[in-house]
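Right, one structure below, let's go through it.
In order of appearance the chains are A, B and C, and numbering begins at 1 in each one.
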Amino acid sequence: MPDNQVRAVALSVSDMSFSIGGVQLIYPMSFQVTSGRRLVVLGPNGAGKSLLLRLCHGLLQPNAGQVHRNDLHPAGRRAHAMVFQTPVMLRRSVLDNVTHALAAIAVPPAQLHGRAVEALNRFGLMGLAERPARLLSGGEQQRLAIARAWALRPDLLFLDEPTAALDPSATRLIEAMLTDLHAEGVTLMMSTHDLGQARRLADDVLFLASGSLVEASEAQQFFNDPQTAQARAFIAGDLVW
Amino acid sequence: MLNWCGVLIALIGLLTGAPVQAQERFITVASTTSTQDSGLFDHLLPLFTQKTGIQVRVVAQGTGQALDTARRGDADVVFVHAKAQEQKFVEEGFGLKRYAVMYNDFVLIGPANDPAGINGMKDIASALQTIAHQGTPFVSRGDRSGTHAAELALWKAVGIDPAKVQGNTQNWYREIGQGMGAALNTAMAMEAYVLSDRATWLSFKNKGTLQISVEGDARLFNQYGVMLVNPAKHPHIKAKDGQIFVDWLVSDEGQSAISQYKIGGKQLFFANSGQHGA
Amino acid sequence: MMDDASPLMAALTLIMHFDPVFVNIVQLSLRVTLTAVCLAALIGLPLGALLAVSRFRGRLAVIVAINALMGLPPVVVGLTFFLLLSRSGPLGGFGLLFTPSAMIIAQASLVLPIVIALTRQTIEDLWASYREYLQSIGMGPKQAILTLLWDARFSLATALLAGFGRATAEVGAVLIVGGNIAGVTRMMTTAIALETSKGDLALALGLGIILVGITLVVNALAFGMSRIGVRHAG
């Protein structure tokens, strides 16, 4: 259902492009991420989805154009956080992975443990608290990565193909977590090449192909009435170049 | 993190605190391997330290190297055995007065089966000539030590330059560039002859099949001398304590302590500070 | 003449009875070497980590140079510090030649390239997997290096033990700068060399046994450390 309220903008991209060594990887594009909504970046492998997320998050700097995001990170919070396709687990216990992230954003030492425990409890990981994070299963690692990001209390959470390497049951758990986060009001910007997942989770869709923004629309419209031949082919399950 | 650092610091503290609290008052003496390897210092120095409270740190090197160490100012006193080099050291102004301290003698050591057939000779010159003539293996210190200098002087006296005859007789002359003990070890392993000071030989514990081949020739005499390094050259030299050590060595007390040092009932060094021209 | 068993028996007797001269030598060796390794760690760990995470012109050349320094001949290090620390040398004013401090400096210099090189390698691998995440949570280089050093601590301990092994086994450098002075700068290796030359094989062998024992313990520690590392940190 279209949202007719005027919503705040969580992130705004204008005329942004990116190239390395003369190779154009992201062609100039502009779009906005609306607060409280789930934006799914859709497209085949190699479309530039991961690059786009990194540019939006600030891990990479665009060659041209701008990314406007909330760069104010009050102590104990981080305005935006990221979850990677392959979870980056520190060589520490599950609990210490969370406290480390909290310490990095200047959470007062007295609150570290409490907030970390809160995050683990929130996502049912407390039973694993003392286990070395690197010895968890892939699904558990990704849940920890999301719990760890959630502990930072971000307004905007980037997720780069968070379920690409997981089996269906682990994927279901992750999707449930993301639904919860959305219900809490966290803005999500997530990439996937899984059409079904996009249908289940997306409020809005950015459709990318070969580094270009092909289509940007609300999810319902994108799936029911795609405007471009490329999007139509992608939805139909054809291979997109 | 704190735990680990604590353990580390505790460990260092434990190891640093416990052993060798070096005495405040000490002098450094550059001396020869023969005086150290023979055990003479182990006998002498506790007596001196007990009397004066001065600890003596001995750096044992070949005579040439010991004199160089003193030249650089890295020792307060130098105690060696090569009179010509010592006199040069004093003349150059690096040392103050040279004092004769003691002597022992060199002995020619060889394998019991005596491949050169020189056992019991009284003439060191003909013994060396025989070795050179037959090309029997001979180990040379080759380290500019006092013993090396004495050995080279003996070769020169018999008119042989071992470096030159080396090529045509299967490398019988072997320079090893090491101390006396190492030379003896090498001679034993190679069944070779070697010139040694008697003190090191007597205290050497790995004699194996080695024995004395030639001894008693007047030309095998080995004089030791001691000098304070000139504080005018190196201001940090501990001249006062160094001189106390020198004085003690040549005093009646020091001299009798030297003469009392024996291994297996045999006296190793003969004190002769009073002897004119030594 | 001695039969082959007797030096070994005498050596074991020395060890069993904690012969004071013997104990002194072992203590001094451990003290000097541990201090040298700590010194090298203090300098080498942060430098190695910095080298791992930073990018600058000539970085590869620096890495190659440090790797080459790992094979630095100890006698060359000894000679260099001998010339530096000698009363006639540029650092002669400190009067450090023929003291334990000189040996610590020489050994630390031998261990330092090992610590830097192995730290660089270890941290670089870990940095490759941590980099984006640490940047994502807004960590600066200093915090990131602390995180990396801490998370790699088990591997780094192995690097330090490797350095410790090189230092304990080393004879050339400490002999030259220490002077092998009885009770002051006589270490296990220099004492072994001396006692062998004196033909006193018992003491030499006794020290040799301790040295081999220490090497064994160090290797066991290194092995155990990596096992613990896997169990605790994954």
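Methods note: contacts are C-beta pairs under 8 Å (C-beta built on N, C-alpha and C of every residue); 3 or more make two chains touch, one makes a residue touch a chain.
Keep in mind the model is a prediction, meaning the values are calculated, not measured.
Of all chains displayed, C has the C-alpha centre closest to the centre of the whole protein C-alpha set. Comparing mean CA positions across the assembly, the chain most remote from chain A is B. For chain pairs B-C and A-C, the one joined by more C-beta pairs in contact is B-C. Centroids of chain A and chain B (each the mean of its C-alpha atoms) stand 79 Å apart. Look at where the CA atoms of chain B average out and do the same for chain C: the two points lie 32 Å apart. Between the CA-based centres of chain A and chain C the separation comes to 47 Å, rounded to the whole angstrom.
Chain A has no residue in contact with two or more other chains. Chain B makes touch with chain C in their complex at residues 1, 4, 8, 11-12, 15-16, 18-20, 22, 28, 33, 36-37, 41-42, 57-60, 71-74, 178-182, 184-185, 203-208, 234, 236. Those residues of chain A lying in contact with chain C across their complex are 54, 57, 59, 73, 78, 81-82, 84, 88-93, 100-101, 104-105, 132-135, 152.
Per the touch definition, chain C reaches chain A in the complex via residues 126, 129-130, 132-139, 143, 147, 151-152, 229, 231-234.
Only residues 1-2, 24, 27-28, 30-31, 34-35, 38, 86-89, 92, 95, 97-98, 100, 150, 153, 179-185, 194, 196-201 of chain C touch chain B when the two sit together in their complex.
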